[in-house]
Each structure stands twice: as C-alpha cells, then as structure tokens.
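Structures incoming, each one as structure tokens.
Both of the next two complexes hold subunit A, though its partner changes from subunit B to subunit C.
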Partner chain A sequence: MVLGAVFLWPLAVSVLASLTRDGALTLAHYETVWRLYRGDVLYTIGVAAAGTVLTFAAAIPACGWLRLRAFGPVEFLLKVPLFVPFVVVGHALRVALSPHAPGLAGSWAGIALALAWKHLGLAALLLLGAFRGVDESYLEAARDVGATGGRLVRDILVPMSGPALAVSGILIFSSMLASFSIPLMMSRGGGPQMLMIDVYYRYGQHGDFATASALGVVAYLLAMGAALVYARRLTA
Partner chain B sequence: MLVRLLILLLALAVPAAAATRVNVAIGADVNVVEVHKTVLGPGFAQTSKDTEFNVVGTGTGEPASRAIYTKLKAQADTGRKPWDIDVALVSMAVASQMVKEGLLHRYVPQLKNAALVKGAEVKEAFGVTVDGYVVPMFQNQIAIAYNPARVAAPPKTFEELVAWAAANPGKFGYNGIKGGVSGVGFTMGWVYWKTGQYKALTQGPFDKSKEGAIREAITALRDFNKTALITNGNAGTLDALNRGEIAMGAVWIDQLVAWKNEGRMDATVTPVLPAPGLPIYPLYLVVPREAANRDLAVRYIDYVATPEVQAKAIVEKFGWYPGVDADKVLPLISAKSRELLFKGVSAEDLAKYSRQMPIKEYHDLITLAYEEIVR
Partner chain C sequence: MSARALVARAAGFAVAAFLIVGPLTSLAVWSLAERWTFPSAWPQRFGLRYWHRVATGDFLEPLRLGVLIAVIVTLVALAMAIPLGYALARLAFPGRAVVLLLFLLPQAFPQLPVFASATREFYRFGLAGTIPGVVLVHLVGGLVFAVWTMTAVFRSIAPELEEAAWNLGASTTRAFVGVALPLAVPGIVASAVLVFLYSLDEFTGTLLVGAPFVTTLPVYMYTASLGYELQIASVTALVLMAPGVVLLLVLERFLKSDYLVFFGQL
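And now, the complex of A and B:
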C-alpha cells in the first residue's frame, strides 16, 4: 500500500504523462528525447561509468591497504564523503578547480571526478566489508609463498570479493546516473548535459512536463538495467 | 521542484495569528525575499495595522516562478478556495501563462498608482495580453559587462562584440540557454540582430516561414560560440569575470550591482548595452484570482508601486531600475545613486536598446533551434 502510494503511483503518473498529449496516446515526447537528448543519454552513461571506474581505482587500493593494516584515522577520512552533501561536493570541487584548471572544472572529467569523490565513502563502506569477509587464512597462505601488499589485493582480495564488488559498482553507477546537484554546480551551460539537468531544463524553463517525464522514464530504464543485474546477483 | 513545493507548503501552513496574514511568494533570489521581509513588508505594515507578512522564497530562475504556478494551478484544479498565496512575484513567462490560464486577478485598475504602470512589457508578455494583471517590482536588464583593464573599447554594437570575441578567443562568456535567463536573453538579442526581425518576433503574429532566418542566425551563433566560453550560469559568468577567466560576458545588471555592493565583485567591471540591444526581463507582482486577502494584496502592491518607495527601496537600496514610471521615480533618487545606476548604461541607452522577449512561439522556436544546432 505504502509502496503503491509513494512509488508506483507517481511513477505511473510520470509514465502516463510521457505517453500522452492532449489526452491522446503519443510517442512524440520520446521522439523529442531521441532527437535532442540521445547524445546526453550516452554522455550520462559515459560520465557515470568513468566516475565508477575512478571510484574503484581509488577505493580498491585504499580499502585493500586498510584490510591488510587496519588504521582508524585513514578509514574515517575515507568515509567522510558519505556525510558531505552532493551540492557541497559540487561547489567545493568547482571552487577548488576553477582558478587552477577551469577547463577541467566544467568538463565531463571534472564531473566524473566530483562524483567519484562523493561516492568514495560508499565504496569504502561496501568494499571494506567485503574485504574483511575474506578469511585471513587465504592471505596468510599467499604471504607464505611471498605475496606482498599489491599482489594480496589484486590476486586474493579482489577476486574473492567479486560479487560484492559487482553489486557495489552497480549501486554506485545507478546513483551517478541520477546525479543532479553535482552536474548543476559544475557543468557549463552548453555542450552535452547529464540527463537530470535536461529534465530540470525541460520543466523549469519550458514547463514541459511531458518531455521531462519521458527523460525520467529513460533514466528509470537505465537504472533498471543496472538494478536487474543487481537483483540477479542477489538471487544467484 | 518537489522540495521547493514542500517548503512552500510548510511555510504557508504556519498557523495564522490574530492579525491578517498576507502570504507573499517570491520566485526570485534571497535578496528580493529580504526586501519584502525587511523593507517593503514592515513599511506597509506601518500604514496598515494588524497586518503581518509571511514571505516565502521559492528559489531562483524560472523554476522558482514555476513552483508558484504549480501550487496555484493545483489549487485551481482541485477547486480549493481561497488560495493560500496573496501576492506572488513571478517571471514574465510564468505570469503570461497564468494570465492565459485565468489564474490571476485583474487588479491594476484598482491601484492609486495605476497610471505609473506603463510600458510595452505591462501590456503584452510572450504574446499574451497581461494589461491590468501585472506590476513590475523592478526592471531587470541583460547587458554585456566588461573589465575596463582588459577591454580598451567596449563594444557599442553586436558587430564590434563579435570582432572583439574573434580577436580574444575564450575571453567572452555567456551561459548558453540552459544556465539561466541572461544566456537566453543574449541568444534572443543575437537573433534580433541577425534577423533584423525584432518587431515581428516580439509582436507577432507567429509566422512559421521565419524559421529559416532564425535557424540561420542560430547557426551563426554556433560559430560565434567557438570563440566564446560557455559558463555554468548567471553567477558563473560573473564569477569568471571576477576571476579574470573572461574579460567580457552577458550578465544581469541587477546581479552585477548586487555583487559589487556586497564587495564580491571587482568594482571596475562595467555594463554596456550594445546596439541593437538586449532584453529586459521584469519580475511581475501578481495577485492570484482566489487569493484569500485580495484587497490587502492589492494595497500592498500599490504601496510597492509608490514612487517614493520605488526610489528608496528599489533604486537606492538595491540598484535596480524602477518597475514603474521612471520619470516619476528617478527625480526622487540621490545624485550618487543615479550615477551608480546609470554607470555604463545610460537612461538613453535603456530607452533605445532595451528589447522585449519574443512571443512564446518564437521563443520556443529559437530555443529549440539552439538545442538542435548549437547543443
């Protein structure tokens, strides 16, 4: 009942709005999305993918190191981004990057960097849990045959945490797909945009609820693709 | 949007005290909200005892006005009466839509200051007759701001602007059409200049055959953009100007003045209005059709439209251009305020080069062409 009221009903209204014009069924709003925003769909997927890769590139070595040598202060620092609001991250990165690297601040790479920074906390939380779930005996066995830090992470911790890493990646990727505050704070007014910015523009500037809804449905579908993989992982 | 609506709902749901409470919803920045809270509201309350003001800001830009529209439309659609907003400050686009949909009360004829409400922008907005429904709180002009240390001769025309940008790649900035209305206004000014169709685009009727000329103008803008920096918003352009990333950019004059007054902006940055001009985009005070305190709302707007109040609160305190008859307001301001107000852009420039926004059909055609051609 609650699920129906707070999730399914708004979703149904939004889907219906994206499929109707003056009470008649139409795909015109999706045609608008295809004509104007298909590049932005790919851009959004690209930025989210780059952000996810960056997040893992930083989180895996850091969490691997923390698994091998527990060190509270570093673990705390790594989790700080969990408590920093998205909009503050966007603002901080823009302020920090603009004077030194103005080209980077407003680019896809800048947005991916900010998204990665913000999601590092979540990644640390998930990865540390997974790495700590790996039995110490595997690590000791590897050490006995001469493996050191990097090899232990690469050859023992990562492969044995594969499913958890995949689920973390999907959660982080989906969150990045739907990001709004960071692109709003950082992106330029021209060139490709993240999908949520397009939703905001269609509704805010044009009052075009229907196309905004169609863009929203596309975002649902993208997130749902990732969610299906997630669900299969959970039930596998 | 949802968050804005929720804030608006919560703020308006505060239990009423014994005094009559006037709910004022402001679709503009915090400084405009503050004027109503700290200057205009208390000033009016002195003349009207037992009146208290509940002033709520709904954010910035078009979405802020749209939040107000969404709330009133929902109340109208559900048949609820009275509506819980008495006075609203909304953008030209949203006001015209609300007039078109019958959501507003035609109150201007009841004002003592009705004769001061004049100008093309109070007659028509985006092709909709808004005469009698709106009073501009202040006028907001889009202009080109420049840093005199880096721009020896500010452009007097769009031709000069294009030549300067070509000679100084990356040093002219504006925010495209997705980063705020100053970029939209620059785009409209560009199309007026390139097509030479200002009158037809602003007065209609809509003629689809003009699409070719519009798309040609936007194609030229795409080429121009290669020499320009697209910033991330109205504030982003000012920020880039202040940091020296750009030396010239399209800005709102009121925002430039506000930033300078707050010491956040290089004081030497100056606005200029190149021919054939850029749009002026007023924020309108409106009274919803079923406002609970309609008479009080009308009296409040009448107070805001008084030349003395306009001179002290709107012009001298905030550096905005007056919303009502400038001939009646400007003689009341100090020489210093006058100098600040017209530094770079004179009253004559405003008279000659202030442009209206196009009618809605052309506005949509131009922004669509921009999305398709420029990206």
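And now, the complex of A and C:
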C-alpha cells in the first residue's frame, strides 16, 4: 500500500508526464533532453564508469589479499564506507580535497573518486563473499605449481568469481548513475552535471516537471541492468 | 607468522587506513578549524568554537526531529514487515512473486525522479513539507529494507520448530507468537537498528518532500555547506556518521552480509 502510493504511483505519473503535453502524447520533452542534456547523459555514464573501474581497482586486490590471508582490522576498515551516508561522503571528500587539490573536488575525477570511496564497502562485501565461495582446493592446486599472491588472485579468484563480479559491477554502476547527494555536495556551478542534479534543478528551479521526468526515464532505462539483476535474483 | 608476512599486514593496514580513514579525518580537522584560508595546507587556528554550536537550538532541533521521524519510521516499518516477512518466508500464497518484485523496485530504480514526482502528488494532499510526508517517503526505503531482512530472518529459523508446536495443538498464530517470534528477536533488533539509521541518514527524499519546513540533520548539513559554513557541516557530518561506525564496531558479528548489501544503497 505504502509502496504503491509513495513509489509506484509517482513512478507512473512521472513516466506519463514525460510523454504528454496538455493531454496529448508527444516526444517533445525527450527532444528537450536530447537538445540540452545529451552531453550530461554521456558525462554521467563516463563518471559512473570511471567510478566503477576505480572501485574494482581498489577492491579486487584488497579482497583477494583478504581471501588469501584473513585479517580482521583491514576487513573492518573496508566495510566502514557502508555506514557512512552518501551526503557525508560527498562533504568529506570535498573538504578533504579542496585545501590540497582545489580543482579536483568538483571535477569528474573528484566525483568519481568520492563515488568509488562510498562503494568500496559494498564491493568489498560482495567480492569477499564471492572469493570466499571459491574452493580452497583450487588455490592449493595453483600453489602446488608455484603460484603466489597476485597470480592466485588474477588467475584463480577473479575468473572463478566472474558472474559475481559482473553482478557487482552492474549494481555499483547503476547506483553511481543514480547518485544525487555526492555530486550535489561536491560540484559547484558550471560545466557538465550528473543526471540527477539536472533532474533536481529542472524540477526544483525551473518547475519543469515534464522534462525532469523525461530525464528520469532516461535514468530508469540506464539502470535497467540493475533491475534485471534483482529480478533474476528473485527467480533464482 | 614470518617477519615478511607481518610487514605485509602492517603495510596493508596502513594503506587501507589512509584511504578509508583519511577523508574522515579531514572532517575532524575541518570541524576544529577556526581559521583556514587558502592556500594554507593546514588550519591557522584550531578551536572548539564550532562544536559549541552543537549545543544550540539550530543544531538540536533538526537532531530531535530526525530522531522522532526515525522512531516512527522504524515502528511502522517493523509492524508491517514482521508479519509480511513471515508470510514471504513461510507461506506460498498467490501473488508472492509480485510482492517480492514490488519490494525490489525501489532498490533498482533511481529514487530522485520518483521522489520529485511524489512531492508533487503530496502537494495535492497537503503532505509536502510536513512530518507525515517525510515519514511516508522514508517508509519506502525503510520497508524495503525491513521486509528483506525479516524474510531472511524467518527463513533462517527451522520450520520444524513450529511444526512441533502445531503437533502439540498450538494454532498457527500461537506457534508464530510463541515459537518463531522469540527466536527472531535478535534479527528484529538488527533490522530495527538498521531501519532507524537509514531514516536518520536519509537525505534525498527529505530534501524534496520536507522542504522547506522539515529539516533533519542531513538537510541541515547540506544547507550549511551551501552557505560555505564548512565547519558546521563537518561537525554535523561527524555526528551523523558516528552511530553507523559504532554499530559496525559493536555488531559486526551479528550483521549478516545479506542485510548489509541493502544498506549499501543508502
């Protein structure tokens, strides 16, 4: 009931609003999106992709190491970002970067860095679960023929966790696409913007609900991968 | 353990500590910086001036309001999620898959455009800018979270225990209240704590639906940072972050990773 009223109904209203003007079906709002925001759509995909790559670049070696040699304190540190809210992460990275690298905080790299920091916790959780699901006997067999640390991670743990890595990647990428608080806290003024920031200003400052909804629908479509992953988990 | 392995561990810990704790430390530095002008790499004067502001009304009011909302959200979410989670875990009823799917959607789709649309609908019913409106919007995330954790909790309790109670003549309700519910208490507590934290930290929905009258701490922090009151925002950020980190520290063993995966979406 609550979900229907507060989630499904508004979702339907926004999809409908994006497709109509004065009661008639139209694609005009999508033309506005294409005209004004196509650059921002690409920018958002780029930032989310960079953030996802950065997350995995840190999480794969860290979790691989932890799989081979369990070490509580580091595992604890990796999970900390799970419990730090998005808004706090955005602000923390902004104040951490701005005194030392003033240009970085609001740039695409700064946003990608903050997103990667926040998603490290989730990635660690998913990857450790996947790596720990790899049977010890495979690792022993590889050790017997002389493989150590990095080789074990690269040639055994990562390939054997392929599906889990793909799922984690889709979930993290979609979450980054839809992120609002981190770019809001970090970016100031001009230049390309993340999609959710565009939705917020289009709706809040221009009062243009129809175009904001069309932007939203673009975001829903981009996040379809995550929806499919969840749906598959449901049927499994 | 060999010396080399020990060094590797120390190095690994140092790198992780720098990357994870580093940005958080800068919150602490900023919260103590009474004077810090560019391009100095370090504050020129330290002090507790901004922490004193925490004791004043304009900080305590959003805190009080946020806690009130979080308590209501937690109670309502659990009251709905305990029976629903039990039903999803134990019973095969028509439409079960639809219900499960319904509880996945808010997780999978970008929330901001939906909340913007919800705010517009709320205006028609006079809910925008009110506490009930914010509670409703928090219930979306809170319910999803509570239902999934409660389903996992009841799945982990062996059905044979209730079957034994039925054999001894207990009704379904009695078996639920007398057997399954007490066993589920640790899971219920964990779920309640996480829903409470979710609501306390929720920003996007509160900003949209609550504006301009309902200000919780995350919104207060955003407003402060917008006005370049970075110290006030940093103090608020530390206060917001503390319960989560304490929880992780105390409860790590009890928090199953299923619960945490959903929490990562905060």
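Here, the second predicted complex is superposed on the first by the 216 of 236 C-alpha atoms of A that agree within 3 Å, B and C clash if a C-alpha of one lies under 4 Å from a C-alpha of the other, contacts with A are read in each partner's own complex, and residues count from 1 in each chain.
Operating definition for what follows: a residue touches a chain if its C-beta (ideal position, glycine included) is under 8 Å from a C-beta of that chain, and two chains touch if they have at least 3 such contacts.
It should be emphasised that the depicted structure is a prediction, and the values quoted were computed from it without experimental measurement.
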Message: Output check: A:206 vs subunit B and subunit C. Expected answer is one of first, second, both, neither. What do you get?
response: first
Field: subunit A residues touched - subunit C or subunit B, whichever exceeds
entry: C
Task: Considering only the touch criterion stated at the top, classify A:192 as touching first (subunit B), second (subunit C), both, or neither.
output: first
- prompt: Counting only touches as set out at the top, which of subunit B and subunit C does A:39 meet: first, second, both, neither?
  reply: first
- request: Would you sort A:108 into first (subunit B), second (subunit C), both or neither based on which partner it touches?
  value: neither
Task: Examine A:219 and indicate which partner it touches, taking first as subunit B and second as subunit C; both and neither are also allowed.
output: second
- request: Could you say whether A:173 touches subunit B, subunit C, both of them, or neither, answering first, second, both or neither?
  value: neither
- request: Please indicate which partner A:56 is in contact with in the superposed arrangement: first for subunit B, second for subunit C, both, or neither.
  value: neither
Message: Between subunit B and subunit C, whom does A:131 touch in the aligned arrangement: first, second, both, or neither?
response: neither
Message: Quick check on the output: what are the common subunit A residues between the subunit B footprint and the subunit C footprint?
response: 94, 99, 102, 185, 200, 203-204
- line: Residue positions on subunit A within touch of subunit B in the complex are 35-36, 39, 94, 98-99, 102, 106, 185-193, 197, 200-201, 203-207
Task: Please give the residue numbers of subunit A that touch subunit C in the complex, ascending.
output: 2-11, 13-14, 17, 58, 62, 65, 69, 71, 73-74, 76-89, 91-96, 99-100, 102, 117, 119-122, 125-126, 129, 174-175, 177-178, 180-181, 184-185, 196, 199-200, 203-204, 209, 212-213, 215-217, 219-220, 223, 226-227, 229-231, 234-235
Query: What part of subunit C is in contact with subunit A in the complex they form?
result: 5, 8-9, 12-13, 16-17, 19-24, 26-27, 30, 36, 38, 40-41, 80, 97, 100-118, 120-121, 136-137, 139-140, 143-144, 197, 201, 203-204, 208, 218, 221-222, 225, 230, 233-234, 237, 240-241, 244-245, 247-249, 252, 257, 260-261, 263-266
Message: With touch defined as at the start, can you tell me which subunit B residues reach subunit A in the complex?
response: 1, 61-63, 66, 69, 93-94, 97, 174-180, 183-184, 225, 230-233, 236, 239-240, 243, 245, 364, 367, 371-372, 374-375
